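Both complexes below contain subunit A, partnered by subunit B and then by subunit C.
Right, the complex of A and B next:
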C-alpha cells in the first residue's frame, strides 16, 4: 500500500509543486515588509515555481497513462495537456495583475496566491476519476473564484459580482451534488470505471430515472463553462471583476470545465445507446444556444471587456460542439482549440487592460486611432481579432476548421451550419474594434504607460503562436494525437 | 418502518425547500441558508443510499466532504456579504443592481 502511494505521488509532482508554491508565497507575503525587494522576490518565486511546474508537465506529456491514488485520479496525456494550458494562463494572468492598475497594489500578492489555488482546483478537475474528485475540484475552483471576483473590495460593483457568483455557484453545485447522489444510489459507486461498467446493465426504467440525474450533474459543469441556461452570472461577474480577474476567468475555469465535461461524456456516454442519444441531444442544443446567445449579446456592447466576456461564452459553445461528437477526433480538436484560444484571449485582454488603465474605462472609443500611436499593438490586436473571428490563415481558423470537420465526419450538418453562421456574426463585433483603431481620428497623443518595451515584446511573443499555429498547425495537432482520454483500469 | 424511500422523500423535501428559499427570500443570509439546505439534502441522500443499497464507504466519505466544503463555501459567502453590507448598508438582494444593464 505504501509503495502504491509513493508511486502515485511520483506521478503527482506538478500538483504538489503548485501547492508548495502557494504555501511558500503565503509565507513570503507574511514574513517580509512591503518593500520593492519583497515584490521582486515574490514574483521571482512565483514565475520560477510555475516554470518548474510547466517543465515537469511537459516532460510527463509522453508518459503512459495511469490511474493513481486508488483510481481516484487519472494522469493521462489529455489531462497533462489541459494542465499545461492552465499553467500558461495562470502565469500570464499573474503577469497582467502585476502590471495592471485595476488591482490594488496591496492585494497583488493575494491575487497570485489565489490564482494558483484556482489552478490547483482546475488540475484536480482535469484528472478527476471519481465523483468526489469532480466535486472537490469544482469547489476548489469556485470558492477561490468568488473571492477573486470581489477583489476590488471597496467598490460596489466588484462586491456585487462576487455576491452573484457565490449565490449562483452555491445553487449550481448543490444541484450537481443532488444529481450525483442519485447516480451513486443507482450505480453503487463513485468511481468512474465502476459506474461505466454498471451503466449498461440497467433496465430501461432505471435508465429513464438516471437521465434527470445526469442533467442535474450537467448543471454544475455547465455553470463553470457558462453555457446557456446557466450563463446568467457570466456577463455580470466578468463586468464587475477587475480586468486581470476577467482574463483569468475566461481561460482557466473554462478550460477545466471543458476537460471535465469531455471526460464525463467519454466515460459515461462513450458507448452507443439510449443514454448517449439523449445526452448528445441535450449537449448539441446547449452548444448551439451558447454560441448564438454569446454572439448576439456581444454585438451591442460598449465595453470591450464585456464584449470579450460574451465572445468567450460563444467560444465555449464552439468547444462544446467538439464534445457532441463523442470521439477521439472531437477531443483532439477541443485541445487544439483550447491552445489557440489561450493565446488569442490573452493578447486581447493584455491590450485592453493597458488601454483601460490609461483612460479608466474600456469603451470601444478608447481604442480610436491607436494605429497612429502604437502601430505594433494595433497590428497585434488586429491579428488576434481576425483569429478570434476565424479568418485564415490564422490559428483561429484552423481551430474552427478542426471542430467543423469533426462535426461533419459524424454527420451533424445542422450544427456545423449554425457554427459557420455564428462565425459570420462574430466577425461584425471583432471588426468594429479594428475599424475604430485604424480609421477613427486619434483622441489624444498622450502615451499609454502600459505599453512599455517589455510589455510590448511580451504581447508580441504571445501573438507569435497565434500566427505560427495557423501556418504550422500539424505540429500542435501531432501533440494532441496521443491525448485521448484514459478511462481508468 | 423507516426505509430508503422515506429518507429519499425527506431529502427531496429539503432540496425543494432550499430551492424555494433561494427563489422566495430576499435576504442574502437567508439565501445562503437555502444553499446549506440543498447541500444537506445531498448529504442525507448519500448516507441513505450507503446504508440501504450499497455496502461500501463511498457515500459516507462523500457526505463528510460535503459538510467540510459547505462550511468553506459559507465562510467565503458570508465574507462577501459583509463586504457588500459595508459598502451598500443593506443585505437585500434587490439592492444588488449595479451590474444590471
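Right, the complex of A and C next:
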C-alpha cells in the first residue's frame, strides 16, 4: 500500500509543488515587512515555482495514463495538457496583476496566492476520476474565486460581484451535489469506471430516472464554464472584479470546467445509446444558446472588459460544440481551441488592462486613435481581435476550423452553420475596437505607462503563437492528438 | 506533383517581398516607398508575362509544368498546392497589370504612405493566392486574408463615410465565406466515402467532376441532396463577391468610399474572384447542382444586368454610377456562366477580363477628375450642375473617357463588344426570353453612359471647371496600357481566347454530361 501511495505521489508532483508554492508565498508574505525587496523576492518565488510546475508537466506530457490514489484521480496526457494551459494562464494573470493598477497594495500578493489556489482546484478537476474529486475540485476553485471577485473590498460593484458569485455558486454546487448523490444511489459507486460499467446495465426506466440527475450534475459544471442558462452571474462578476481577475476567470476556471465536462462526457456517454442521445441533445442546445447569447450580448457593450467577458462566454459555447461530437476529434479540437484561446485572450486583456489603468475605465472610446500612439500595440490588438473572430491565417481560425471539422465529421450541419454565423456576429464587435484604434482620431497623446518596453515585448511574445499556430499548426495538432487518444478509454 | 517551374511561387511571393522591403524603409522616405512598390509590381507583371509566354494553350486542365506542391498540414491532408490553367491565367495577368497601374495612380496618396503601399502589395499577393490555389483550404485562407488589407485600405484612405463602407464590405464578404467554409469542411469529410477519391482531401481537382451527385444529407428529418445544399451555400459565398442581386448592397458603398486605386482593384479584380469561384469550385465540384440551378443563375444574371443599369441611370454621383454599371456588367458574366455552352463560357471569361480593363479605365478617369474637382456630382443635391463642358476644357481626358465609355458600353471594335456578343450567342438558344430582356439592359447601359457623358462633357463650361488642367504625363502613361488593351482585344481577342479555350471546353463538357 505504501509503495502504491509513493507511486501515486510521484505522479502528483505538479499539484504538490503548487501547494508548496502557495504555502511558501503565504509565509513570505507574512514574514517580510512591506518593502520593495520583499516584492522582488515574492514574485521571483512565484514565477520560478510555477515555471518548475510547468516544466514538470511538460516532461510528463507523453507518459501513459495512470490512475492514482486508489483510482480517485487519473493522470493522463489530456489532464497534463489542460494543466499546462492553466499554469500558463495563471502565470500571465499574476504578471498582469503585478503591473495592473486595478489591484493595489497588499492585494497584489494575495492575488498571486489565491490564483494559485484556484489553479490547484482546476488541476484536481482536470484529473478527477470520481464524483467526490469533481466536487472537491469545483469547491476549491469556487471558494477562492468568490474571494477574488470581491477583491476591491471598498467598491460596491466588487462586493456585489463576490456576493452574486458565491450565491450562484453555492446553489449550483448544491444542485450538483444532489445530482451526484442520486447517481451514487442508483449505481452504488462514485468511481467513474464503475459508474460507466453500471450505466449500461440499467433498464430503460432506470436510465430515464438517471437522466435528470445527470442534468443536475451538469448544472454545477455549466455554472463554472458560464454556459446558458447558468451564465447570468458572469457579466456582473466579470464587470465588478478587477481586470486581472476577469482575465484569470475567463481562462483558468473555464478550461478546468471544460476539461471535466469533456471527461465526464467521454467516460459516461462514450457508447451510443439513449443516454448519449439525451446528453448530447442537451449539450448541443446549450452550446448553441451559449454561443449566440454570448455574442449577441457582446454587441451592445460599452466596456471592453465586459465585451471580452461576453465573448468568452461565446467561446465557451464554441468549445462545447466540440464536446457534442463525443469523439477523439472533438477532444482534440477543444484542446486546440483552449491553447489558442489562452494566448488570444491574454493579449487582449493585457492591452485592455494597460489602457484602462491610464484612464480609469475601459470604454471603447479609450482606444481611439491608438495607432498614432502605439502602432505596435495596435497591430497586436488587431491581430488578436481578428484571430478571436476567426480570420485566417490566424490561430483563432484554425481553432474554429477544428471545431467545425469535428462537428461535420459527425454530420451536425445545423450546429456547424450556427457556429459559423456566430463568428460573423462576433466579427462585428471585435472589429469595433479595430475601427476605433485605426480609423478614429486620437484623443490625447499622453503616454500610457503600462506600455513600457518590457510589457510591450511580453505582449508581442504572446502574440507570436497567435500568428504562428495559424500557419504552422501541424505541431500543435500532433500535441493535442496525443493528448486526446486516451480519454474515455 | 511538383512541376519544373517555380514561377507561380515567385509571382505569389514577389509582392510579399515588396511588403517586407517597404516595411524596412523609414517612414519619411516616401518616394523610396513609392518607387519600391512600383518596381515590385512591374517585376511581378513581367513575371506574369513570362508565365503567359511559357503557357501551353493546348494542354487541358492544370499545367503540370507550373504546379507547385508542398504538404502543409498532414493531419488534415492540407497542401500548399498552386497551379494555373486557361481560366486563371487571364485573371493573373489582369491582376498584375492593374496593380502596377494602380501604384502609379496612387502616387498622390500622402496619408501614411508606408502603410498604404505595404497593404496594397499584401492585397496583391492574396489575390494571386486566390487565383492560383488548387487546395480548397489554401483558397479559403487567401480568400479571407484578402479582406484584411481591403478593410484597412477602405477604412483609412477612403472618403467621408469610409468606416461604414469598410465594415459593411468586410461583414458581408465574411458572411458569404463562412457559408463556403461549412461546405468546404463538409466536402472534406464526404470525400473519403467516395470511391474515386478514397481519402479525405481538400484538393479541388480531385473533388471536381461531379463525384458527390448521389449523396444526400438529413436536415430536420428531411433528405436533401448534398450537392444542391452545398452548391447553394457556395453560391451565396461567391455571389456576394460578384455581386449578384440581392447581395450587391455592399458594393456601391465600398466603391464610393474607397480611394481610386482600391475601387479599380475592387471592380477590376476582386469582383472576378466571385465568378472565378464559380468556374473553379462551384461548377466543377457540383456540376449536377449547377445545371439544376442554371435557370436561377440566368434569371439572377438578368436582374443584375437590368437592375444594375437602371440603378446606374438614377445616380447623380459618377463613381456610384460606374459602380452600378459594374453590377450590370457582372450580370453578363453570370448569364454567360448560366449558358453552360462553349461560346457562353468563353464569353464569360473574356468578359471578366474585358470588364477588368474597361471598368478600371472608368474608375481611374473618375479618380483623375476627382483630384481636380474634389467632388463627383453630375448633378449636385441642390440641382445645379456639377460638371459641364469638360470636352472643351479637357480634350485629352475626354478622348480617353470616350474610349473607356464605348468599351464599357460594348461598341463594336472595342473589347466589351466581343465578350458580350459571345455571351449572347451562347445563351440565345437556351434562354431566348432572357437574351431579349438582357439586350434591353444593354440598351439602358448605352443610355445612362451617354446621358452621363452629355451632362458632364457637353454644354456650357461651368465656372468651376475652368480651372481644371488636362491629364498630365503620369496619368496618360498609366492610362495607355489600358487603352491599348481595350482597343487591341476589341479587334483581336485571340490571345486571350486561345489560352482559355481548352480549359473552358473541359468545364463545358463536364457540365454537358449532367445536362
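Convention: the second predicted complex is superposed on the first by the 484 of 489 C-alpha atoms of A that agree within 3 Å, B and C clash if a C-alpha of one lies under 4 Å from a C-alpha of the other, contacts with A are read in each partner's own complex, and residues count from 1 in each chain.
Everything that follows uses one rule, which is that a contact is a pair of C-beta atoms (placed from the backbone, for glycine too) under 8 Å apart; a residue touches a chain by one contact, two chains touch by 3 or more.
Nothing here was measured: the structure is a model prediction, and the numbers come from that model.
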Check your understanding: With the two structures laid over each other on chain A, which partner does A:386 touch: subunit B (first), subunit C (second), both, or neither?
Key -> second
Review point. Subunit A residues in contact: does subunit B have more, or subunit C?
Key: B
Check your understanding: Does the superposition put A:131 against subunit B (first), subunit C (second), both, or neither?
Key -> first
Point to revise | First, second, both or neither for A:240, with subunit B first and subunit C second | key: first
**Study point:** Which of subunit B and subunit C A:285 touches, first, second, both or neither
**Key:** neither
Review point. Which of the two partners, first being subunit B and second being subunit C, lies in contact with A:209: first, second, both, or neither?
Key: neither
Check your understanding: Taking the superposition as given, does A:178 touch the first partner, subunit B, the second, subunit C, both, or neither?
Key -> first
Practice item. Please work out whether A:424 is in contact with subunit B alone, subunit C alone, both, or neither, and reply first, second, both or neither. Key: second
Review point. Where does A:143 make contact in the superposed view: on subunit B (first), on subunit C (second), on both, or on neither?
Key: first
Study note, to complete from the structure: subunit A partner, complex, touching residues on subunit C are 72-76, 140-141, 144-145, 147-148, 151-152, 155-156, 162-163, 166-167, 170-171, 174-175, 178-179, 181-182, 185-186, 188-189, 217-220
Review point. Inside the complex, what are the residues of subunit B that reach subunit A?
Key: 11, 15, 18-19, 22, 28, 31-32, 34-35, 38-39, 41-42, 45-46, 48-49, 53-54, 56, 58-59, 61-62, 65-66, 69, 72-73, 76-77, 79-81, 83-84, 87-88, 96, 98-101
Revision key, fill the gap. Per the touch rule above, subunit A residues touching subunit C in the complex are 386, 391-393, 397, 401, 404-405, 408-409, 411, 413-414, 416-417, 420-421, 423-424, 427-428, 431, 435, 438-439, 473-474, 477-478, 481
Practice item. Quick one: which bits of subunit A touch subunit B in the complex? Just the residue numbers, please. Key: 131-132, 135-136, 139, 142-143, 146-147, 150, 153-157, 159-164, 166-167, 169-171, 173-175, 177-178, 180-182, 184-185, 188-191, 235-236, 239-240
